[in-house]
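Some structures are shown below for you to check.
First chain A sits with chain B, and in the next complex the same chain sits with chain C.
Let's look at the complex of A and B:
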């Protein structure tokens, strides 16, 4: 389940009003979320939650659910 | 290494085999994978595996001269497969594996258009692509004979010595003027122009490029560039392979997600040379984390060569400012001017020599005159793309193709010993661009004290992160979106100063007035872009008859771009 906070960060970075994010949603399904924008979204998420991701952690992300889990694991540390 | 000795080879295969004999255990290619041990191909192992692939290629019935499109993701077996195809005398043509967002029909149409144009005979790919490509094979007029899956082949069991000997004999008969490979002048699938290069063109280019780069046996190239792009294929793959030095190949998709991978690879493998488009300087400087970089060093780099996009001074400055503390020598900032039509480079800066920059008067430059800026000038900083490399010539010409003197801006026309013979099966495009042996690039630039500066372009081409995008493709897709007035769309490149590149912007006429409806239309336009694998960054909606027409009666890209970027028209809706 994607948290409202994460949803808002992504929507704001992509300048979208709304999108029906599911755990399985992949970046390629979201308008504006291309490979160039990906790094901006990751940085925006890091900044918003006050966390840092490692490159390998980013490479392993397959969908938005994975990103949510990674955020949660960082916040629970 | 003695360059003359290197240039004795007749064909690419002969050169590679020679390298594998004199340096069998030297690493040819290091296949880089994020978080995993790299796969290391020595010259000998690579050649041995390539021979095995060539036997399979021959067994499959692929004939010399036939074009094999290779559509494979980052995979260590790609390299021997490519070499194996070339050994048989067939022409490898590397194509991009489709991004998941591209609509299968659109991808298929692209391949179909390319097959009619380039005469693709075979597709060597992964099984995942079969359902997408298969309908194309069933078409009566298709040139494509079959889709084959070389990664599934059993190299050892399929090997047949008698076939290998036969291929070995055939190789000796190949002349160096014969076609070696087919590359596409970069662009979107529908409008890519196929360029066939001979063994001689590539080997001559390697010699001249190596000389300009002062290449030595100790050089090591690190690259994340896709191999369907001329910069990746020629500079970062053919050049090291033919010269007998190592290249490190990083997955482009992994790099863009985790740019630090390139720094890690340079540091761990002691890379000395790298080619990157301008936007990558910004990404590496702004989007990599110092905590992750702590353990890395860039002190081994002799040159990071900016190519495939206009070179921006501020991108170089921010890159140097960020990485100097990681051992990067600012003198290693380099640049090159290159294109598929001349195999690759025409100009090159000298490694570890300060790159020339010129502060010029922007107003005078707009009038075609290079005038060094004074205190009253609105300044523009131009960065040199280097000096001519051996075997190449440049003319700067006016609109009537008359030569201009040094210090005047004009179209760049080029000639090279490694020149293409024309676009394959595309006589009308060839006639447009290739006149009396000169290739008219459509780029604007000038010469100043032996250095060439590229400052703009005549064509409406958009360059997004080093990738050429033709506005026609986007206009065609957006023109079909409901509520867009058909034919009333203009696409253009808008500067993204943060990323140091251009982004795609679209102006579309619509009858819609309600803001909610306009928001929905914006989303639909972005989705239409996604279906052709284009990210439409900015959508401007305007009322009917807003777009300015050119004399030909079509909406003018330049005039409408200028009008929209004034940002003073209340009728324009965007967000």
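Let's look at the complex of A and C:
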């Protein structure tokens, strides 16, 4: 499940009022989340949660659920 | 009864000939493919025999176009299969990374030797006024395509996006698969390999779609691309100064249509042929001239290459330099498109073509926010008029970039542009239409069909699917007859074969 915090960071970065994020939601399904904007979202997530991803970890992400799991795994370390 | 003379002619026909690759639109291919398909279908229940037969036919298909250099293809398959294995079985990240780097060096080393050695020698000779003699290197046809196809497997295994295949047989089917070996689509192992062990099953819709794509591909390649190239585009670009600016401009639009019909026609046939064998290949084109921006164009043109570059080059670069924020995109875009240009060929024009697209994309990224602000202020955001304007600008930028792609000499490019701006003579339009009715008609029809709504294509597909088998056969025979009327005496290789 996507946490409220992560949802808000993504919505704010994409300038969206609301979006129904599911674990399986892919970036391409979200308005404005294209390959160029992707970097801004990743930086915003890193900054908000005070964590740092490895490049390979980001490249492996398939959907928003994977991003949530990655954030959780970093916070639990 | 065959006598010795006839037998030797048949043997000659079946042997390697660099000037006569086994192109889908040749009579020889159609004859061999029907024989192949018959045996392939008879072997439906015998998976092992069917797959080895497919490997054998694919290697023969490649040998017919590349001769002894088919050994490079086999070497590439062996290297990538075992590196995939080594990467997946290593537990230490450093060792996995090392195997990845070595496999990239091996793949790009082979590709570069064949493709870029003489270009580098030319550059060295230019800088140092040296006299290094160029090497006698024969470029193995399709090497850029199958190298990238195999590399996608290595990357996906490294990034743990897929489990490596345990079967060398299956890996060979993936790498050697004849429909996409010479000019793509550059299919992904993760999508293709799981299809290998499924029993081929062709639905009525699949058969209709396959036939539609083969017919469409034949018409695009022979009727449009080859005809306008031989009878108009090549003539203008050989001597631009002999023609008015108007004709030069029409030649630019003509070449833009030609390269699209040539390449997407090949992809259509490849996808259709693969479908007849029960394999679904990835889409490679999606009405690229309907694009409203250069970024949109690259989501629609040569999709298998652009998505490959996006996943394995742009995204890693973008993430590596993400602290630079927007500049990570600019760096990623520029490097990606420069290498995209170089992938197409060892020539400065290809490098400039790639750089130009890198500049288009970076510029568009820089002005994205102010542009959206202005559009919202003027209340033209998402309007039909704005979309039309965006399409018009994008199409012309793309067409101009293809001029650089087509002409290797910058002097000739200058001549074409100079004629357009200083000797246009638009009044010859009516004369042009009267003197070249077939060329004008093909250009107009080609573009009209391209800009038709998607539902027209869906309707035609449904119509072909609904035809009884005899109707489908008659339709195919009719198209082959029409195509034969347009076919020139000299075989025109596909433009993308040279890459």
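Note that the second predicted complex is superposed on the first by the 77 of 77 C-alpha atoms of A that agree within 3 Å, B and C clash if a C-alpha of one lies under 4 Å from a C-alpha of the other, contacts with A are read in each partner's own complex, and residues count from 1 in each chain.
FYI, contacts are C-beta pairs under 8 Å (C-beta built on N, C-alpha and C of every residue); 3 or more make two chains touch, one makes a residue touch a chain.
Source: prediction; values computed, not measured.
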First, second, both or neither for A:69, with chain B first and chain C second: neither
Touching partner for A:22 - first (chain B), second (chain C), both, neither: neither
Which superposed partner A:3 touches (first chain B, second chain C, both, neither): neither
Touching partner for A:12 - first (chain B), second (chain C), both, neither: neither
Residues of chain A touched, compared between chain B and chain C (which is higher): B
Touched partner set for A:55, first chain B, second chain C, both or neither: both
Partner chain(s) touched by A:31 [first = chain B, second = chain C, both, neither]: first
Where chain A meets both chain C and chain B, residue numbers: 34-36, 38-40, 43, 55-56, 58-60
Of all residues in chain C, those that touch chain A in their complex: 159-161, 295, 310, 314-316, 318-320, 322-323, 325-326, 328-329, 365
Complex contact set, residues of chain A against chain C: 34-36, 38-40, 42-43, 55-56, 58-60
Chain B contact footprint on chain A (complex, rising order): 15-17, 26, 28-29, 31-32, 34-40, 43, 52, 54-56, 58-60
Contact footprint of chain A on chain B as seen in their complex: 34-35, 99-101, 253-254, 256-261, 264, 279, 283, 287, 289, 291-292, 464-465, 499, 501, 519, 523, 526-527, 530, 535, 537, 575
